[in-house]
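The following blocks contain the structures, represented as structure tokens.
Two complexes follow with chain A in common, the first pairing it with chain B and the second with chain C.
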Partner chain A sequence: MSTDSRSIVTLENLRSVSRTRSLAYGITLMVLGVLEFVWYGSAASGLHTIIQFGYNTATVWPVVSSPWRFLLLFFGVAIIALALRAASVPLYSRLVASIRGSRTMTALIGAYLVIWPVLLWAGINQGGQLRTMTIPVALTGDVFGVLSIATGAVLAWRRLDRSASGLLFTGLFVFLLGFLIWVARGSLDLQLTAILASAVAVSTFLIFGSVSGTLCERSGVVNIAIEGQFMAGALSSIVFTSALQGTGLSKTFALLLAGLFGALFGWILAVMALRYQANQIIVGVVIVAFCTAMSQFLVTQVLDLRQNLNGSYGLPVWAVPGLSRIPVIGPVLFDQNVLVFVAFAIVIMANFALFRTRWGLRVRSVGEKPIASETVGINVVRMRYGAVIIGGFVAGIGGAGFTLGPGSPFTYGMTSGYGYIALAIMIFGRWRPYGALMASLLFGFTIALSANLNLYLQQLVIPQQFISALPYLITIVVVSGVVGRIRPPAADGVPFERR
Partner chain B sequence: MKLELRGITKRFGTLVANHDVNLVVNPGEIHCLLGENGAGKSTLMNILYGLLIPDEGQILIDDEVVTIRDPKDAVGHGVGMVHQHFMLIPVFNVVDNVILGSEPVKPWPVIDYKAAAARLLDLANEYNFEIDPQATIENLPIGTQQRVEILKALSHHASVLILDEPTAVLTPQETDAFMVILRSLKESGKSIIFITHKLREVLALADVITVMRLGEVVGVTTPAQADERKLATMMVGRDVNLMVDKAPASPGEVVLDVRGIYVEDERGLTSVKNVSFEVRAGEILAVAGVQGNGQTELVEALTGMRRPSAGRITLNGVELAGEPVRRFLDAGIGHVPEDRQRYGLVPTLSISDNLVLDQLDDPRFRRRFGRNLKAIKNNGVQLVERYDIRAQSEEVAVSALSGGNQQKVVMARELSRELKLLICSQPTRGLDVGSVEFMHRQIVAIRDSGVAVIIVSSELDEVVALGDRIAVLYDGDIQAIVPPTTSREELGLLMAGARAEQVTL
Partner chain C sequence: MTTTATQPARLGPLMRLALRARHANMFIVLVLALFVGLIFGGIMIVVTTPILLNSWSHAFSHPGATIASSFNTVWFAYEQLFQGAVVNFHALRMLIDNPSKVNLATVLTPLSGTLTYATPLIVAGLGLAIGFRSSLFNIGGQGQVVAGGVLALLVAFSFHLTPLVQVPLEILAAMLGGALLAGLAGVLKAYTGAHEVIVTMMSNYTMTLVLGYLLIQSLFARPGARDGASKAVGATGQLPYFFSHLSASLLLNFGFVIAVIAVIAVQWFFKRSKTGFELLMVGQNPDAARVAGIFSKRSIIICLTLAGSLLGLAGMLELTGVDHFITPNFGGSYGFDAITVALLGRNKPWGVFFGAIFFGAMFTGGEAMQAFTPTNIQFSLAQVIQAVVVFCVATPALLIEAFRLRDGAHLVSTTGSGGWL
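This part shows the complex of A and B:
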């Protein structure tokens, strides 16, 4: 009784909280900027870092061989962009305007269209052979340092409440970029595109996992069993594919099967949590324990003896015609294995389902205040069943990414805690599918970085083990709520009992 | 639409919550359902709304028997309900809340927000509500939230509206506005069932009054045939004294001195802002205000449960702010908390154990390394007798007691210590009239014995009846401290946020 009667949440109150936070973020950024300026900026002036934009010259389109042709290209793109914009205005209000963030998307795409020719031009070597960019380290440190300080200063002085997180992320991104350039200084090339591409590949299962978590928790059930659903999906899909010797059709059905196994464990969680009202966390942990034990049993007793059931079959890589030839984002986003596209599709579908459809509104209401949903005739338990089973399905498909994604056989413990990291990502993404996507990409970047950074380790004083632990460290920081005001669904993890 | 309940009986185990209840509501009628807490009003309405299934009896709509098994059935038959605790989702906006459960879709799974918003605005215009369809519920004032609840019911084509204690959360001004809304609903032909225990509102609004007591209908009357005294007698079953007998206060020394305290709630938002006041021995300071304006946090700060972020709390010259709760208790502060189940009692422990909860290190109740069970039992026997706690024995778990008797246990424990200051938060919330009288008498008696008393209550009647001075809390700040002779209108304005100088005192 006292909990719902307390507290007037006024906008004013919330603003003052986020303003205080904004001050803290600003100061942090400024400190980072100063460090950057002093530390990176002090690198010997002769040092350069070479950034590669593509895997090879063939993947980059269009071929630009001299700065002069670039000028033509630049204006051409600018004109096309303007024309496109003009043409889309009448459509914009009707179709796109209702989708939140579409404005930001247009701005981003526009900015990209303007910026990449500049990067290209800057990166062209004599003779137009390699799409790489040579960057002086010291100057970068100075410039990025100043940029970080400026962003921090704006944050700290203006005490922004709305646009704070955007500025914060820009600042952090600039800092990270500076860090990368500093780490890769010297003779080695910084394979930016390769790192980004592997980041996207790594984030695939994180996307599935965090979208699964988002779907479940939006309905008010904590799905801590994602790790177990990953294992079930990984194992079932590879066994199925191997049994059919990896035909194309078998892979499609293997994905479906993986999803069904995930859904099965989702259903078990739902029965325990909803019908028997067991503690959701404990049920989830038990499911993970069961899957771990079961997978170990199957690996040692079955798969080790009949190795033809645990083969190496990978999903096909699909280069989207045209799009995959765009520099940088082409190889990163559009030249990936099929599962990556499935992941993107699921994010878009989940977001649409949650925020635009009747089903989504009901799921969210059930996760916020089930008693209110019941009084308008919504069957709370049935909604939760649905969300948890669909969530399990999504996590199961994600599990297939461990085996079918890179095309490797199932090994015991190959999910290595990503199911739990996915939950942290869900929190970081603020229980929104698009947020989950962004956060997954960020985590994927950290993971890919920690794997790739070994290349530059001779220049690095930090031990490799520390770098490998970085994703987990970030998880802890995220979960402890450092990142902004995070508000879970109000009835998250609370059982519902009909009166 | 004519609605009739015939012979409704509902049992929970051995408890009969409704016994052979008959009720007829005619079209275009405001029908008040009057009764004490626990009289069975809410049970009856939950049956009508499909949240409970009756054991016996029939529901008739336009003289035809209908079955209502869940809220969906009720909504389908044109029954709408505005619950005492709003059934709104705080983080959703107005449109989402109104359409939830009957969303317009086009094409199929996609919600047609344009149509939904248009329909909402049409409906709002029809009844002269001003509402922003995109506003988030938690940012709206309580009165507006209530309007959203009503709109929600209307949008489901409700022709009978059940309003469960709708004025409990409103300021007097909001209540007036609310009554205007009710009359306009009535004029448009809706039937209204208005559940309340406030006699004044019943007489001002009702066409027909049904009085319930102990699960049965004890009478049907109209405002023309009844007055407050008569209604109260019907409601309680005996003559009741609506006024609190108390002599004028004779304030002594300043006991509690609060200077400029700020308190944050658990989310880090400042909910008590620069509050200063003092309380003298032998007087009652009543803190009035609409729920959620910082009362909870203020009381928690004054009892040591929450550390104020700034300011001083001095009791008889001893600085207490930031000290542990133990020091507050030892300094002579007694506390009757607003949520007695959670903070006042350990429900699974016996009455006698609960009566010594805060005195276990008192030499009387201590014995080497354990408790002096005999002394604790004796203490229990004595206090149960003195405070007339109705229970089979002092060894019964307090969870088995009624709300009134539980509150008596809390009060008995607090008063069994040597007190300088007694803080009672919502002392009579959810109690029957008999227990209310008892609590009020105890509070006045402890004042007369020279103890300083602070009463926090959202019931304006209680504040006016008990307080020697009234402090009005709004948005974490004391608007003014006024004498109890202040009119209800002026108090209402202060509670709604008007500054003292804007109110002609």
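This part shows the complex of A and C:
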């Protein structure tokens, strides 16, 4: 509601905004770098951390099990990729470019492929059953710190616009990685792969929630009821699966049912917000209150007495053939329960729907300037209904991830505020599905980190509670503009009155 | 309209009353909301009680018996709810037959429980209502209650002064604690545009963790406590009970008076003070307020600070009135209930007052219902009913249309939530 966000959008304004953002990101990175240098770098020089990669030569994909094969793979892929890219230039704008961030993905995979042989040579113990790597703590801190400071300085000085957020994400990730290495120094092996895998699993809910929020808010409706939709989805899916004892297609239908319950509350929100033009935040909060009370009542009144209706049924874990055997990335991304793949698919679908289809253009226009949309013949209310109900469906499926994902029964309060964190993630991701995906992964990493840190409690100078508070504190920092000024859809939360 | 205006004399008084009842006002909306909530709760009872559910399989052969058994169960549950919250008829008869201190205490117990539970809720609801009145959605009640409680506790066991000094000192400390936490959200909102919903929500979770940390520090922890309880408030720092001479179970305390004073103060603040008027103006039309020369950043910070100080006060009332020590789940769900209380009271001070008493009644009555119904209907049913009632009251347009009420437009506010920034 500040005056800046209402100023007229001109090219010069936008440029200055993105430059300010780059400056802010650069300064943040430099601060992180100094922290790394001073904090991790000051560890005693003899200290080492043993990182465990969680695979051995028997299970890993044969092609990369030796450096030479790997080099072959790397250069082969690089040459083929370059050739493909050169050949696909006329096609790029049409097909490949429709998946936004494909170039970023290529760069990420490329970086991984560059780093991996270095890791292989740098000190992976060949003798053990599981591959491990010994890293000197102080040196890591120094290297990470210097790299981070240098990148931040470039970003702040040159005001790079395009690469800013990617670099910030990488910088934050590296900071957390450094923290892990510092925390696990000396004694226990650092279960890096396991932590990353649980980070991806945790971020599933956040992905669903933030994509749901993105869909709703792009159409101009604030959906603060995501927390309630999570609860509805979590409860309904586990009860349905348990009633059918997990047989046959029951889990698939349970996911659909969870989605339908989410959509039901989305519909209620839509009716109140669109038909009766109520304050959307109030409606959302009341829906959450209703879902909280209702879930508590059903758990204490029914499910506590009939444990067979609230069992432990997990979605099947699917290892993608081939891909799941890549070291580190395989178990993290391609050996997860089915919902994780659904989440990735939904991000791609939501991005495509919002930015590449007629429907998406209309949804966005309705969220930016409803009167203009109305003038050209778009039914504003109907578009918003559609977006909010679909958003609710997505959030409901995400809710199923709380129970069916890890295969645990429903307990009261198990959503623990992830619905609200998802909203912060949506803001962090700038109301874009891919941004939401990246921010979710970062938050998921923080959450998994705080959950895994009790292993290393004796190493910790910081009390455990403060580590657990990390996701929440980062959320505050994120929304308070460290990520630069953000611009929500212009008509976000404003009821539409037909004239 | 025209029929009632031109032919009033022809209609009997009952008919006129019925016509009046169809004109929407807040009272009728409240009654209808309660009605809808109770109906919904009744359906929930029937659906979740296996015996009743089975009886509905003979609904066509024995419709009367089926409906009667369901109705009786629901009626009995609500009777327990009412008797547990307001007054127990059996105890009342005992008192009339045999007036004695013990019987008087039994009669007063439900009402005392209701008002005791409502006391912090009144103040917390007022705090949130201040925010909502100026379109600031502070949902960090939980964290601010905890912050207030912690600082009040710090004062309570650090000093041992006379109650006349000690209690005001605790009040100040608690208000400071809540104000600092909410003021932080205000400063962030004013100067960086961080949305207060997310900041305050996150501060809730953070404060819960901070509380967990503090309770294991030697400064706060009670030596030898198994449940993680803190040191207790000294005798001079406690709020006095009203009826301690009757029975030890009557917990109504001086905090209720403080809550009433707070209601009057907030009423005065919005009706008479300049700052209150400015806050209202910013809430209703920020553009007009800016044009009129109201510095919106300043009013955001003032508003959230005031709201936070009231929530901190609620924490102090909870601490010094009832528990006298802090546990890891201090404050229960006061912070979230206060949101719904504020919505139920439509953000008006006396509305919040009665809304909080309604919540207190539902809580104490719900516990009685859980204890005395044969199938132990869980007290969270009361919260379900509350949620439905609040849903209906917060969005009266639905009720107005469903019951075909007339002239309801003045109840329906179409103010936007204003988006995120």
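Basically, the second predicted complex is superposed on the first by the 402 of 499 C-alpha atoms of A that agree within 3 Å, B and C clash if a C-alpha of one lies under 4 Å from a C-alpha of the other, contacts with A are read in each partner's own complex, and residues count from 1 in each chain.
Rule of thumb we're sticking to: a residue touches a chain if its C-beta (ideal position, glycine included) is under 8 Å from a C-beta of that chain, and two chains touch if they have at least 3 such contacts.
All values derive from a computational prediction rather than experimental measurement.
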| item | value |
| --- | --- |
| Chain A: partner with more touched residues, chain B or chain C | C |
| First, second, both or neither for A:Thr300, with chain B first and chain C second | second |
| Which of chain B and chain C A:Thr411 touches, first, second, both or neither | neither |
| Contacts of A:Lys369 with chain B and chain C, given as first, second, both or neither | first |
| First (chain B), second (chain C), both or neither touched by A:Tyr472 | second |
| Partner chain(s) touched by A:Gly377 [first = chain B, second = chain C, both, neither] | first |
| First, second, both or neither for A:Trp359, with chain B first and chain C second | first |
| First (chain B), second (chain C), both or neither touched by A:Ser312 | neither |
| Residues of chain A that lie at the interface with chain B and also at the interface with chain C | 1-2, 4-5, 487 |
| Contact footprint of chain A on chain C as seen in their complex | 44, 48, 137, 139, 188, 192-195, 197-199, 201-206, 209-210, 212-213, 286, 290, 296, 336, 339-340, 343, 377-378, 380-381, 383-384, 386-388, 390-391, 394-395, 397-398, 401, 412-421 |
| Parts of chain B lying in touch with chain A, wherever the complex brings them together | 46, 49, 51-52, 70-72, 75, 81, 83, 85, 87-92, 96, 99-103, 105, 109-111, 113, 138-139, 152, 156, 169, 265, 267-271, 291-293, 296-297, 338-339, 342, 475 |
| Sites on chain A touched by chain C in the complex | 1-5, 217, 222, 224, 271-272, 275-283, 285-287, 289-290, 292-294, 296-298, 300-302, 416-417, 420-421, 423-424, 427, 463, 465-466, 468-469, 472-473, 475-476, 479-481, 485-489, 491-495, 497 |
| Residues of chain A touching chain B in the complex | 1-2, 4-11, 13-14, 16-17, 98, 353, 356-359, 361-362, 364-365, 368-369, 371-378, 487, 490, 499 |
